[in-house]
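Input: a single structure, listed below in structure tokens.
All chains are identified by letter, namely A, B, C, D, E and F, in their written order; residue positions are counted from 1 within each chain.
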Amino acid sequence: MKAAIYRWGHFNAAHRLYNPKWSEEKNKEVFGICTNPNYHGHNYEVVVKVIGEVDPETGFVINLFDLKNLIEKEIEDRFDHKNLNLDCPEFRELLPTAENVCYVIWTLLRNKLDEKYHILVRLYETQRNFVEYPAE
Amino acid sequence: MKAAIYRWGHFNAAHRLYNPKWSEEKNKEVFGICTNPNYHGHNYEVVVKVIGEVDPETGFVINLFDLKNLIEKEIEDRFDHKNLNLDCPEFRELLPTAENVCYVIWTLLRNKLDEKYHILVRLYETQRNFVEYPAE
Amino acid sequence: MKAAIYRWGHFNAAHRLYNPKWSEEKNKEVFGICTNPNYHGHNYEVVVKVIGEVDPETGFVINLFDLKNLIEKEIEDRFDHKNLNLDCPEFRELLPTAENVCYVIWTLLRNKLDEKYHILVRLYETQRNFVEYPAE
Amino acid sequence: MKAAIYRWGHFNAAHRLYNPKWSEEKNKEVFGICTNPNYHGHNYEVVVKVIGEVDPETGFVINLFDLKNLIEKEIEDRFDHKNLNLDCPEFRELLPTAENVCYVIWTLLRNKLDEKYHILVRLYETQRNFVEYPAE
Amino acid sequence: MKAAIYRWGHFNAAHRLYNPKWSEEKNKEVFGICTNPNYHGHNYEVVVKVIGEVDPETGFVINLFDLKNLIEKEIEDRFDHKNLNLDCPEFRELLPTAENVCYVIWTLLRNKLDEKYHILVRLYETQRNFVEYPAE
Amino acid sequence: MKAAIYRWGHFNAAHRLYNPKWSEEKNKEVFGICTNPNYHGHNYEVVVKVIGEVDPETGFVINLFDLKNLIEKEIEDRFDHKNLNLDCPEFRELLPTAENVCYVIWTLLRNKLDEKYHILVRLYETQRNFVEYPAE
């Protein structure tokens, strides 16, 4: 019997969209106000979906305390109250768009979770736009 | 690397469920208070999901400014503060149920978005009932 | 010991803003898209606040079952799936703006609730605009 | 033309996680504060997804009044203001984890809905953790 | 310059409404399903409002880390995953209605916060009913 | 007849709490992770409350289109996708705490709204902490 369990986390961070290979004009044209050189920020909300067999002894797909702790340690402690461009080596070479932040979070969790689990990450940049990786 | 991006829009509209092939009694039996001849209304919330490759130059599946503008022009400007039955030719022959409104929105966006994208539309009629097209 | 208790209700209705003493032009200028002759609609959310002494026998300001039933009978049954302009005599002579709908709801409840209670009504026309009567 | 329709329900219940085959210590280790012998509780929110063909006569996948009544009768009346461990025979032998409660709800609805429909149940134990059955 | 700051907390608890001075019949008549002898439960959400002068050195009415810690220690640790009737001496003699739980929380915080602050507590028993103490 | 009308706005901004009169240590002690030198950010949500007489001709306390435009022009255009510390002269000498940002917004709106209106501003820094000015 397979089920999916979801757990929320959140972090508040600054970021800026800027492609160093492009001119200022091209950056403004593509990224608009999101390329403001002094950064802007978001309350990011992250939802982690874990699919697996329900263990008949515990009734759990995964122990939620463990999943909560993993999200705190791997995601919230890493990104909360940070500047994604300046403070986070994950985005040295990678634009911190919602798509890429979501992918990085998925990778960080994928490395720590048993491969018997299938996982998906949804990241809210605002209540009105959000992304998922992988796409399903 | 494929990801999904979601964007919200909304519009406030009046509608009525009424099948002209049926008697008044049959309409009342099937549609209940939703067939009230003077219409009622909703704050419709629409969520558009777009799946595609993440462009390594921009970090985007699709530029959110473009998606936001498309939703405004194709959906919000068309349906906001309208009577779906009387003001919108899309529902001349089609009952404006949540299912059909969702399908019409999907068709309008499908016609305008590059076919490399896979799209799905979720439509909230109220916070307690909503629909998706296509079904997945 | 005085406390306040709040209870939510909701109804879906159509309405239109139109002042018959004015020209079409003036109505469009003041009410914009809200004056569309074929109506539009909303999911109205109503929050009723009741202030009173906490009864030491029950621990209640007011029995919530009674308050819930009152809101259903006086507000939801009256306005749900209705056209406020055409179906509701309360708005024959009164523009169904959020302010006036809120005032009408307050009056309907005030007439039915013991005068030992102080009451306030908040009405959400959308999640982004709402009103209260009386103003405090 | 296939679409999905979703409908919310809710119930407030007490529960406790406790595996009688284990020692007290093991129960505390695995279930933490959720094993408190005097129970704790939740406002459970349930979302039922029904996939099917849109009937061209009604514009409906399923009549929402029927679905709402089914959720009320089969789920809300059964579990609202109950102690899942003590009052509900469904959990005599089954731990009332979110995964198992979700599975039980799915089974109850599956037995009552026409097999032409595909269904999925999402259950919120809190706003920050929720489950789905079946996993997709 | 006076401002108000609000902070949320939450706890999941079981409770039951039962007045031992009354017959079973009277308890059922007044409290309905809330008097179920095996308890039911809620996800309680608590919002604490603190009014005070904004300190020009910090820009704070009160340091939010301190307020968060106070809510965790005095409220969440005390009530989370508890049975209010059986586990909490505060409700030995006091019915755990939303009104009374709110009053108890206010008292606990009032005893710990500097009297220069004015405080108010809002307690959500569900998203559809909530209380405030003191009443304003 | 007086009523209150509320309207939401929002902006995404970066900020940092840092008092230049203090040592690094004192800043860390008081502001914790909020003093991170590279900034962090939030999705700020602002709710503006306007109290006034309901005009019998329009049924409005204030025309919502005007209030919406005022919030866009005075607040959203000024602060959206900005670094409050670096881009906004309002915070050259003033710490951008939630309390002070709320006060600045109130002042900006107070200067533009007719003095017959009483106004109050609520500012959400996150969904779990928010402030109001003036305190009531």
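To be clear about the criterion, a contact is a pair of C-beta atoms (placed from the backbone, for glycine too) under 8 Å apart; a residue touches a chain by one contact, two chains touch by 3 or more.
Keep in mind it's a predicted model, so treat the numbers as computed, not measured.
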item: Target chain F, source chain C, minimum contact steps; value: 1
item: Maximum centroid distance from chain A, chain identifier (CA atoms); value: C
item: Interface composition of copies chain B and chain C: same or different, split at half; value: same
item: Rigid-body rotation angle, chain E and chain D, from Cα fit (steps of 5°); value: 180
item: Centre-to-centre distance between chain C and chain A (centres being mean Cα positions), rounded to whole Å; value: 41
item: Chain C-chain E separation of Cα centroids, rounded to whole Å; value: 28
item: Whole-Å gap between the CA centroids of chain C and chain D; value: 34
item: Touching two or more other chains - residue numbers and ranges from chain C; value: 127
item: Those chain pairs that satisfy the touch definition; value: A-B, A-D, A-F, B-C, B-D, C-E, C-F, D-E, E-F
item: Residue ranges of chain E touching chain C (in the complex, touch as defined); value: 17, 19, 21, 30-32, 94-100, 102-103, 127-136
item: Residues of chain D touching chain E in the complex; value: 10, 12-15, 33-34, 36, 38-43, 80-83, 86-87, 126-127
item: For the chain E and chain F complex, residues of the former touching the latter; value: 1-8, 51-52, 54, 57-61, 63-65, 118
